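The first chain written gets the first letter, and so on, giving A, B and C; residue counts start at 1 in each chain.
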Amino acid sequence: MSEAPLLDIVDLFKAYRLHRPRPFAPHRVRPALNGVSFSIIAGRSFGIVGESGSGKSTLARIALALDKPDAGVVRLEGRSLFDLGRRELRAARAHMQLIFQDPYGSLDPRMRVERIVAEPLAALGGASRAERRRRVADSLEAVGLRASDAAKYPHEFSGGQRQRVAIARALITRPKLVVADEPVSALDVSVQAQALNLMSDLQRDAGVTFLLISHDLAVVAHICETTAVMFRGRIVEIGPTAELFASPAHPYARELVDATPRLDRSTTVAPPLNATPAPASGAGCAYAPRCRYARPRCLAERPELTAVAGETRRAACHFPLV
Amino acid sequence: MKGFSRKSSSFWVGAALTAALLAMAALSYLWTPYPPAAIDIPHKLAPPSLAHWFGTDNLGRDVASEIIGGARVSILVGVVAVGIGLVFGLAFGLLAAFAKGVVEDSIMKACDFVFAFPALLSAIMLTSTFGPGVVNAIVAIGIANVPIIAKLTRATANSVLAREYALAARAAGRGPLAIAFDHVLPNIAPQLIVQATIQFAIAILAEAALSYLGLGAQPPQPSWGRMLSDAQNVLYNAPRLAIYPGAAIALSVLGLNLLGDGLRDALDPKLKARS
Amino acid sequence: MLLEVKDLVVDLPTSGGAVRIVNDATFRLGEGESLGVVGESGSGKTMMALALMGLAPEGARIGGSIRFEDRELVGLSEEAMRALRGDRIAMIFQEPMTALNPLHRVGEQVAEPLVLHRGMSRKAAFHEAIRLLEHVRLADPARAARAYPFGLSGGERQRAMIAMAIGCGPRLVIADEPTTALDVTVQARILALLDGLRHESKMALILVSHDLAVVAAHCDRVIVMYGGLIMESGPVDVVLRDPRNPYTRALLQARPEPGAKRGVRLKTIPGSPPHHREVGAGCPFAARCEWTIDVCRKARPPEVAFGGVHVSRCWRAAELGPHA
């Protein structure tokens, strides 16, 4: 079935310029994205798992055209976002919205909930006040809050409720794609479950496709059909979520899965005691210094994403575990 | 702004003094015991009495009327000079915070440049070049205010722009002007208000200094600074003539500073308590 | 018994009157044992950990008894407490960046307890600090000792804090969410390190965490706190296999697991954890619990014991057997 992907990311590169170590010396650069490509099909939520330094937050921002990449293309429903004019880009934003990690920082403390939730509509213009109020009420009810909550301020709500407000804001333009950057990390366990159930329901009932970015495998596994694992700015493994977590092909994915504390399984693998070594710079696999399966080829030649264990999975490893 | 529940005593004292200052200025338009400029040589240097509550100065003018009249000039200078500072300072500060890069650096360097000149010195240069008078004094003091407000605006605007809700607004498709008005300004308003009261006090002091030097309000317009200068000549005979305007200046400045402190306590922790 | 806590109460003064943060906490810890303290926000777990060290905030009222090495700590003078801290009892905090002074070199900070409690000279203590940093498996410990906190990664800073804590060979280490701010692979290594250190020196560990699975993997015993009250306590595998308290059960069911089927609805707990001042006379969980009966709202549930060491505070604990 050839469907045009909802979101198509091709060869993204991004490096941040740091200050110069000495005057007239070249700027130091911190690479954030080192050639990232993937596609999201409408209706099939996509997860990105990575730790700090993986580039996942940079990826989220570029996917939403909040930051420009140094190279690469981002296409939403076939249209390249960075080629659009300002007005067209603003209109395109109606189809892609964002939920952040921090429910305390993502809502303006000086605005009432109604204005916060209606903000994406304000950018589009056109809706009358009555229409806006109605849509805000619908959005709030869809996330399990009450229409009367629109008159309150953020500080009157708990963390979990604020996150719902943020979700209501993301939904009001009826977007096709919602990028969620660590949407439940700041919530208590008992409240996380509510937010995750809400996201599952929205997937099913409102036809929302999520691009879910998290360090928590369990959260990603709950919502996403396909997952990509990122390490130091590159995708090291990508494939159907359940298979990936059950038998990871890339050693880093394996390390992640083993390190995730689980109740349903006692830890069979003893984690290493030593501190994480600094990553390799230059040629070779970035994970090699820390990889317990590393061989000489790994330090010399950088592996590309190649198919492993069937067509649907790919891993960037010379000696995949599967 | 939700309820002021716990206002410090600074706030109340400062508010009272500032209110008195404003009341005097307003009163000066309606009534003063005598016309402030009315010269009455036979009754010069009279001590305080029922007819003249603070006595008269070396030209027989009623001191009480001059004090009340002088309040008008102080308020005028304060309001307009701070107003100039706010309008241009906000504009430059917001421009710097949003544009970033070379624009931000240039604006900040320009502010540093203006800072390098002691404000009073620049005011003296301006007024001696373009002539003395209230208008020029206002312009000079106003220009000195701009970099202060601009730097504060840039710093606070940057901290707001770093918050996630500003990013959310961008993700929603709002442009920089919308973000500036809807998100940045309401969230930086508390710090700006506090700074404005401080700048007001400084403006009053600056005007008094300029008038003392003869570069501010010109006779027959009453001015506390000029009263101080006039009092110098008769300081041994009638020191009270220096005390009245001096006290007026000091109390006004004190009142505004206390009001600023009180406002800072009332406004800022509320923000922290909320989020 | 290394540590015996009985009816520990911590009250904090607020503008509306005193609020009880920790309510009649009772537990024991033997030499070399590890105890996990699990709770969400508002459970009182951090305040309890601080109270054990005598670090509760100014104005807090501590009641009850804390017996450490047969010495009563409640009411002990600040001077005596200071002699204990860093020497016999040590603490590891959640945020290594803020717990380490950014203006001092890491090695100097690790050396500080040695200078204070062992009377070593600064130079000798610094050398010992390098040895400690090596002991916590930092690569290039000499460089790390000379560096400032911002020159180390999050995981390295946490290792430095652990080195600082174990320097004087404490009998008890209290770790308050030591890995919450770290990546999960770094977390695994740090927890493994703590396990290793424990077995080596037989030091006891109190691990405070919001994550049941972390506690399950690294602790012998667990206490589950909610609204200031210990809801359930016992050996970790018993409590997790056969929970006898609705809150523990609900926590277990609300957790998504990586191996679970995608999209299956998680069993949620409606509402959210209460603020301390909202906790009334009855069970703090009554408003959100699906087993609530009338008495739950009115009176605090009693402790019910199962097989001696497994204790649950619930009016209906007996009904919550494995088949319930």
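As a working rule, contacts are C-beta pairs under 8 Å (C-beta built on N, C-alpha and C of every residue); 3 or more make two chains touch, one makes a residue touch a chain.
Being a predicted model, the structure only gives us computed values, none of them experimental.
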| item | value |
| --- | --- |
| Relative to chain C, chain with the most remote C-alpha centre | B |
| Dominant interface by contact count, named by its two chains | A-C |
| Chain A and chain B, separation of their C-alpha mean positions in angstrom | 50 |
| Centre-to-centre distance between chain C and chain B (centres being mean Cα positions), rounded to whole Å | 54 |
| Approximate Å spacing (C-alpha centroids) for the pair chain A, chain C | 31 |
| Per-residue multi-chain contacts in chain A, two or more chains | none |
| Residues within chain C bordering two or more other chains | none |
| Residues of chain B whose C-beta touches two or more other chains | none |
| Partner chain A, residues of chain C touching it in the complex | 40-41, 137-139, 153-156, 159, 183-189, 191-193, 196, 210-214, 216-217, 240, 250-252, 254-260, 262-270, 272-273, 288 |
| Residues of chain A touching chain C in the complex | 51-52, 158-161, 188-194, 196-197, 200, 203-204, 215-219, 221-225, 241-242, 245-246, 255-267, 270-278 |
| Sites on chain A touched by chain B in the complex | 64, 66, 89-91, 93-94, 97-98, 100, 102, 104-111, 115-116, 119-120, 122-124, 153-155, 166, 169 |
| Chain B to chain A touching residues, read off their complex | 163-165, 167-175, 178, 182-183, 186-187, 271, 273-275 |
